[in-house]
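Two complexes follow with chain A in common, the first pairing it with chain B and the second with chain C.
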Partner chain A sequence: MLKADSRDPAAWPRLLLTLLALALLWPGIQLSELDLGVLFQADSQNEMGRFVSAFWPPAHDQAFLQLLLKATLQTLAIATAGMALALLLAVPASLIASRALSLSAASRGGVPGLLGRLLRWPVRGLLIFLRSVPEIVWALLFVRAVGLGPAAGVLAIAITYSGMLGKVYAEIFESTDQRPAHALLQAGSGRLAAFAYGTLPNVAAELLSYTVYRWECAIRASVVMGFVGAGGLGQQIDLSIRMFAGGEVASMLLTFLLLVLCADQLSRLLRWRLT
Partner chain B sequence: MRRLINLLLLAAIALSVVASFAYLELDLAELGSANSLKQMGSYVQRFLSPDLSASYLKAIAHGSLETLAMSALGTLLAALFGIVLALPAAGRFGWPLQSAARLLLNGLRAIPELVWAALMVLAAGLGPNAGTLALALHTTGVLGRLFAEALENTPPQPAEAIRLQGGNPILAFCYGTLPNLAPQLLAYCLYRWENNIRMASVLGFVGAGGLGQMLYVSLSLFQEAQASTVILAMLLLVFLVDWLSAWSRQRWVKA
Partner chain C sequence: MTLRLTQGSLRHANGVDALRTIDVQIGAGEQVAIIGPSGAGKSSLLNLLATALKPSSGDIEVLGERAWHLSARQRQRLRARIGLVHQAPPIPPRQRVITAVLAGKLGQWSLGKSLLNLLHPLDVAGARAALARLDLGDKLFAHCQQLSGGQLQRVGIARVLYQAPEILLADEPVSAMDPVLAGHTLSILSRHAREHNVTLVASLHAVDLALAHFPRIIGLRDGQILFDCRSDEVSRDKLDALYANEQLQSPAPAVAPLIVQIPRC
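Right after this comes the complex of A and B.
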């Protein structure tokens, strides 16, 4: 006979865990000076309230729209040029870092010899370093090195994305069927030929769709990088926020949303057509 | 025909790359010239001797803890708001609330963290509070959507069984739905935390506290030695959190 029991057997451990978590969080709240109240006291007297109330209507005079168009085109161009430069570095680096084209691996069941593994490490380390520093930090560094403007943004995207693309490409090469490339290598073909005829046909679709996805990310990143002075839409948003021009901020945010939406659709189209 | 269209697409891509370089008027030759390379080299060289004095390391430790607290609290707040918004967004309270919640989540998610931070600095003043709020706002959008999808995909039978036995809806949710859902929710939170620690360390660029603000200030004052210490601390923090979240994923999510 079943008996009703309203007791929760796991209640005590859960309560203790929650208390422990809260005790750990308390210094965190102190450190981050958390105060949700500031969001709700933004009345109409307040600077923020006036700023937000200026969001409607979004700025739409002729001169501003021209500026907006220019900034948007610049953002697109930064993302595209940065990706092109990143590919220049990522493709050779991924070919070197990947185990898929190792001659010793072809005859040893996929595990390269000691020397091969040692020689691949510096390239892998370089790729790790390139992608571990966030792109906006690179942008900040390049703004100091080459001056304000889109060049810093292009270089920052090129550096970070070559690290990411190189790593992911190398992994894609390794994750596909190794036998065609190994057969070619053991039959005496060169490495590039083995790659082009043994590996590439299997992985082309995946490479392409990842590259297009990264391009989409690069657009978002190039907007964000404008905040440290690397050109494009972000720089204009930063300027307008500093000038408390709410209408301009609103129309630029709308443009940004539209841009991301269009990039999303375009990348879907490209993936569907080319893969 | 298909081949022709693909060729046209490839040509359009090549053309847009060329057009981008032309539009930006990038002078790659000048960037790669001996003079500018020498300048870059000396710039890089100033980063090679990080400032490791005890007093600066103490400041770095405080900045790192601030960044860590910002990211953890931002993610936690986002998880709380996210689950509150995910319930209506998964259609638990009828369609008008569902579309309203989805619109709100999309809006929160679409605006990048850094833009939120710049806005929050205006609302809440300089300092880590603005950064925490910015992270919480953006991450609420992301987590709310992920939670809503998880809620929609979770099997309804356990909760229905409790309802049929006479349990109230809150009990049914806590004991029927949540146990199935918890590992997935935790996995999403950990994933966002990894992202947020990276973001928290750069939100300071617009004045939202943490390591980013230290980096921005020291680069503005041309103190490259200090800046390189901050970058090293950022890398260390990111690796630490990656390792921690990989460990807790092994421990709690896969079980």
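Right after this comes the complex of A and C.
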């Protein structure tokens, strides 16, 4: 492989990168105190077994199902409203942060001008700030501001997810073929029109599938935030765990599975329509 | 002068000199072909003339305006009057043909009209007329990924015809077509240019097509102009000098003497 006549110039860098990745992984495992052996010790297995065995049968009495339905709808509403608010901020921010709409890049072989690069940095910084604080921290903050309930969850999701969506959208715009948009810019078109005609057709499927995936994540996140009092399924799970009602927890986890399954099918359907 | 490039040079980001101090002047309504070997700088020259790329040094004047001394907004308005046919049509594969053609007028439309046009095509008749001139009228609502390379190239030409620019630049516009279709398409382009008094500049691989359709020929080699003359003045010697290649030596024919031994018996 590394003999002179069949040498690939990329071979050494690849080998070094692999070694570097391994060298970084080992201290990571040490620092996170990962020890899989604990899982197989007798007393921890008993403990887990007791917890899981309480899950059967899942609770399915009329009153609980009604409660479950209401909590599920609330969770969906939190996730959807949070995503909608996040998109309001993420879409303009991603358009500003992305190099794909740079007018100067079109006539300089893809390298944007200095001014554009300087203007992009504050927006990138804002997106980094928005997503670097975990949603649960935002939720704790907003629970104090707007009180217990779903509104805190919506705001927390909106803020964190606008940061994530904005960053990934901007990168999706840049990762596709830039020539169609550049050709339109070079024919006198405005930036947004060039984006809509040159970039969007290429990235629409990916944007949609990422957005639906994030919506799925928002459902999960809204459950976690329920634990700190932001409403929805999470609050119910929290209550049920405290009351040692394993059957109820199991029903809610099954609901969860169903929601994720639906999101997955929705994403597949949309992608199929767009390709 | 419609197009005037003075002492224009272009150096790519990777340090390659694509064009070295070139002077070109092209008048209104002229039809010019640019020929030359691969890598001579034909595309770069067309991109400079289209104001798509900024020259590293030198000055370019288009339609009486110094393109790189304008503000970005004025330059976009100038660019809307210049049409460039790209060698590989820059059209997203999932776009419909009609949208790709109507995109030619984005430089003249407002943003609202452009976005509305995405929801529902606003000028079906215009797009159909542009496509019909290139015998693609039946592909109006097809998706671009369903077309062959030659058809896609004609969609790219239809877009520029629909744009109705005052200067029509074409970078290898017929490279993916068979010879008959290529000749036919070039004659459509030059007839359009004549009828609308449009300045036409095209780069071509096929010398015979260039000589047959264009009255003026510019020979480009190594980023410099080797000759710039009427097509009937292009001689065999000029073409040999243009395409001479020291690196590509034809393999020496094996001259092993043929020895036939006829067995005697």
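The criterion applied here is as follows: the second predicted complex is superposed on the first by the 216 of 275 C-alpha atoms of A that agree within 3 Å, B and C clash if a C-alpha of one lies under 4 Å from a C-alpha of the other, contacts with A are read in each partner's own complex, and residues count from 1 in each chain.
Criterion: a residue touches a chain if its C-beta (ideal position, glycine included) is under 8 Å from a C-beta of that chain, and two chains touch if they have at least 3 such contacts.
Just so it is clear, the model here is predicted, and its values are computed rather than measured.
Shared-chain residue A:111: touches chain C; no touch with chain B.
Applying the stated contact rule after C-alpha superposition, one finds that A:201 touches chain C and leaves chain B untouched.
Once the two complexes are overlaid on the shared chain, A:17 sits clear of chain B and of chain C alike.
Legend: residue contacts after superposition of the two complexes on their common chain; A:148 is shown touching neither chain B nor chain C. Once the two complexes are laid over each other on the shared chain, residue contacts for A:243 go to neither chain B nor chain C. The larger set of touched chain A residues comes from B, when the choice is between chain B and chain C.
When the two complexes are overlaid on their common chain A, residue A:183 makes contact with chain C while staying clear of chain B. When the shared chain is aligned, chain B and chain C each come close enough to touch A:274.
Once the two complexes are overlaid on the shared chain, A:88 sits clear of chain B and of chain C alike.
Once the two complexes are overlaid on chain A, the chain A residues touched by chain B in the first and by chain C in the second are 274. By the touch criterion given at the top, residues 103, 106-109, 111, 177, 179-180, 182-190, 192-194, 196-199, 201-202, 204, 274-275 of chain A touch chain C in their complex. Residues 8, 25, 27-29, 31-36, 38-39, 42, 47-48, 51, 73-74, 76-78, 80-81, 84, 132-134, 136-137, 140-141, 144-146, 150-151, 154-155, 220, 223-224, 227-228, 234, 237-238, 241, 244, 253, 257, 260, 270, 273-274 of chain A are the ones touching chain B in the complex. The part of chain B that touches chain A in the complex is made up of residues 5-6, 9-10, 16-17, 19-21, 23-24, 26, 31, 36, 39-40, 43, 65-66, 68-70, 72-73, 76, 110-112, 114-115, 118-119, 122-125, 127-129, 131-133, 175, 198, 201-202, 205-206, 209, 215-216, 219, 231, 234-235, 238-239.
Of all the residues in chain C, the ones that touch chain A in their complex are 12-13, 50-54, 72, 76-84, 86, 88, 90-95, 99, 103-104, 106-109, 111, 114-115, 118, 163.
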